[in-house]
Amino acid sequence: MALFDQRPAYAHEPTVAPIEHRFSPYSDNGGTILAIAGADFAVIAGDTRQSEGYSIQTRYARKVWQLTDNATLATNGFAADGKNFVKRVKQRLEWYEHAHHKPMGLKAIARMIQTMLYGRRFFPYYVYNILGGIEEDGTGAVYSFDPVGSYEREACRAAGAAQSLVQPFLDNQIYFKNQTPAPGAEAFVPGRLPMATVLGLVVDSFTSATERHIEVGDGLEMYVVMKEGRQTTDLTDEGQLPAGMKVEELGSMGEGRGEKTFLVSMPLKRD
Amino acid sequence: MNHHPGAWGQPLPAHAQFDMFNPGQSYRQAPKAAPITHTQQPLVTGTSVLGIKYEGGVMLAADNLASYGSLARFRDIQRLHPLGKQTVIAASGDMSDFQWLKKELDSILREENGLSLTDSHPSLSPQHIYDFLANLFYARRSKMNPLWNAMLVGGWDNKKNESFLGFVDLLGTTYSAPTLATGYGAHIATPLLREAYEDKAGIDGKGPLLTAEEAEKVLADCMKVLFYRDARSINKYQTATVTSEGVKISDSKSVETEWGFAESLRGYGAQNQ
Amino acid sequence: MSSIGTGYDLSVSTYSPDGRLFQVEYANKAVEAAGVAIGLKCTDGVILATERLLHSKLLVKGANRRIQSVDDHIGMATAGLLADGKHLGSRAREEAGSFRENYNDPITVQILADRLSGYTQAYTCYGSVRPFGISTLVAGVDKTGPRLFCIEPSGVHYGYRATAAGKGKALAKTELEKLLGAREGGIGVKEGVDEVARIIHLVHDDNKDKDFELEMTWVCEASGWKHAAVPQELLVEAERKARAALEEGMEED
């Protein structure tokens, strides 16, 4: 009779499961972010569309946040987590400044973000972060994170809805993947492109992603962080940027070394 | 006698032996760890609410129905609620959570108002109330005990002299736009509201805004379409306006509807075959 | 002071042999040092007013107000230690808030005064605490009509048609008695504002006392049955009349 002691699992299951309305604390709000490091600058960009499913919730929601004079953070994923994560990061940066009388350096911010994300390892912030800015040694830098804090420094990174569209393009254009130098020419070195070229790549990435991905569009915000003393004319001079772009210099946030951050914005297609 | 505070007032069970050398180790068993379960589901619900900015103010609309599942249970419920002189909130989703929220916010505002007599601080702006709601909704979702609502906050900022319109939901998701709608309205009314708004203001919103009359008209149109298409709606709704003059909540009104076409629909009118 | 040095004035948990609590009596002294506070129950509302003495010419105008709002429809004025008044005010708001929470109805002035007096009395029972150095006028309009109470440091509270606390309360009360004695059916708030302003100016001794600001609130139809400051223009006019009446009185003397 041992055969019947334990009834098979399917015998316990009700034929019709009750409709259960289990609460899911997460959502995906679409959009895409991107950052590219140059020799002495970094560009951190994101589109401004916020969506849920097929609905566009708003055509303007911020995804890129200036943290200090030399660090800017882009967030992508679940917008509520993103906003609240940035709020906590900014609070920690303020506490740091009160304690140490100087702004936190870029690599320190990157490590802090890791610990903050990993602190929620078992109820994660559903957010992909990309941090860009100027390192203490004056080089442009990009750090990318996964939702639970795994991170690395890179020359460029795309994340979000159109990551799979943009990243291969960046691999080719920034890391020169599948390109071969002409015979006798210099070897390719990633992270040394001029600013105008980088901004062109960012714009192309987003206009292309807008064409092919329904969650990307409406507007583009590019934050350009420049090392102190660097010429800003290639942004501010007329004719340096494609037409239809608005350039705004963001005021200094504290006693930095004189790094400058610019916000370059342009419209994207709204369909 | 066990002097441990946890045992005060608790008689010893007949079988219990008190360990006088280990009084801290109470004879009472450690409470059985039971998982805390919060997550509810909405029971009595309100459907979409709409909002639009217009020249000199912001206008919200919500119908008067609170449904119990598919039953049109309460047909005279107000889902617009004024908070002070410059803010209105509109709620869709669970009505008991909304009722609790109203009570909570009213008591906060009453206290703020009372204190303002002595220290003459300014009253809470629409932005303050919106940020409070966003923080509350996000904190509750993070405790897996959400307030099951999608809310609109409409207001007039007396300091900046501009209108305010914001959305917040049970996940703590927040956003702002010149036109907003929750639930079914996000699908059906949003395109109509955006079209009406952008026809005048342009896609950059820099042109002239709708007048109050035009805003009321487009909201009435949206409420009509929603009444035709949303099975959880009712043809009885209210609008609220917030301007520099203050908050006004209208009496209930309804729209003209035409159901003659339905007679020719198979499964609705008389069957001819 | 017969109590000094006897040892019976060090704690409220010790009576003197003749059955007095000296700490409570000292608390009353703190009240008597303060600028006068007046409450007036009218036919159509209530008025609270204080003579806020300015201890420094550098003070910001309107700072350190002595009248607080407790709920939409109730206010309270304190005479004595300002910080004690603030504490009792926040306790009053808690009581009013919890009453609303529990019973979904605004608290009546009677119940609020009762609870605050119970709270005040508890501070006369323990050696670890000192009594409140304030007398509190609680005034409001509830479903039973206009109401006015005064709570003393001992914890006793009485209902009044009009009362005063603080320096010169005797003179103020005499004036209030004259005022209400002359009017069989009571007095309206509009007239009450003028009379209260006049009495405060009368009680104030320009030669001996420091300068003061007049602070006045009411609950009446004009304020939407909410506790609110008496509008500035009414107050200015009331003070103008008060000064004129006083000068007239002096000429008669």
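Chains: A, B and C, in written order; residue numbering restarts at 1 for each.
By definition in this document, a contact is a pair of C-beta atoms (placed from the backbone, for glycine too) under 8 Å apart; a residue touches a chain by one contact, two chains touch by 3 or more.
Computed from a predicted structure; not experimentally measured.
Chain contacts in this assembly form an open path, with each chain touching only its neighbours along a single line.
The largest tally of C-beta contacts between two chains is found for A-B.
Located most centrally within the structure is B, per distance between chain CA means and the overall CA mean. Averaged C-alpha coordinates give centres for chain A and chain B that are 32 Å from one another. Chain A and chain C have centres, each the mean of its CA atoms, that are 61 Å apart.
With each centre defined as the average position of its C-alpha atoms, the distance from chain B to chain C rounds to 42 Å. Those residues of chain A that touch chain B in the shared complex are 21-23, 25-27, 29, 50, 52, 55, 57-61, 78-80, 83-84, 123, 270. For chain B in complex with chain A, the touching residues are 39, 41-42, 138, 141-142, 144, 146, 167, 170-177, 186-187, 190, 203. Residues of chain C that touch chain B in their complex: 62, 65, 67-72, 75, 89, 93, 97, 100-101, 217, 227-229. Chain B contributes residues 103, 107, 110-111, 113-115, 117-120 to its touches with chain C in the complex.
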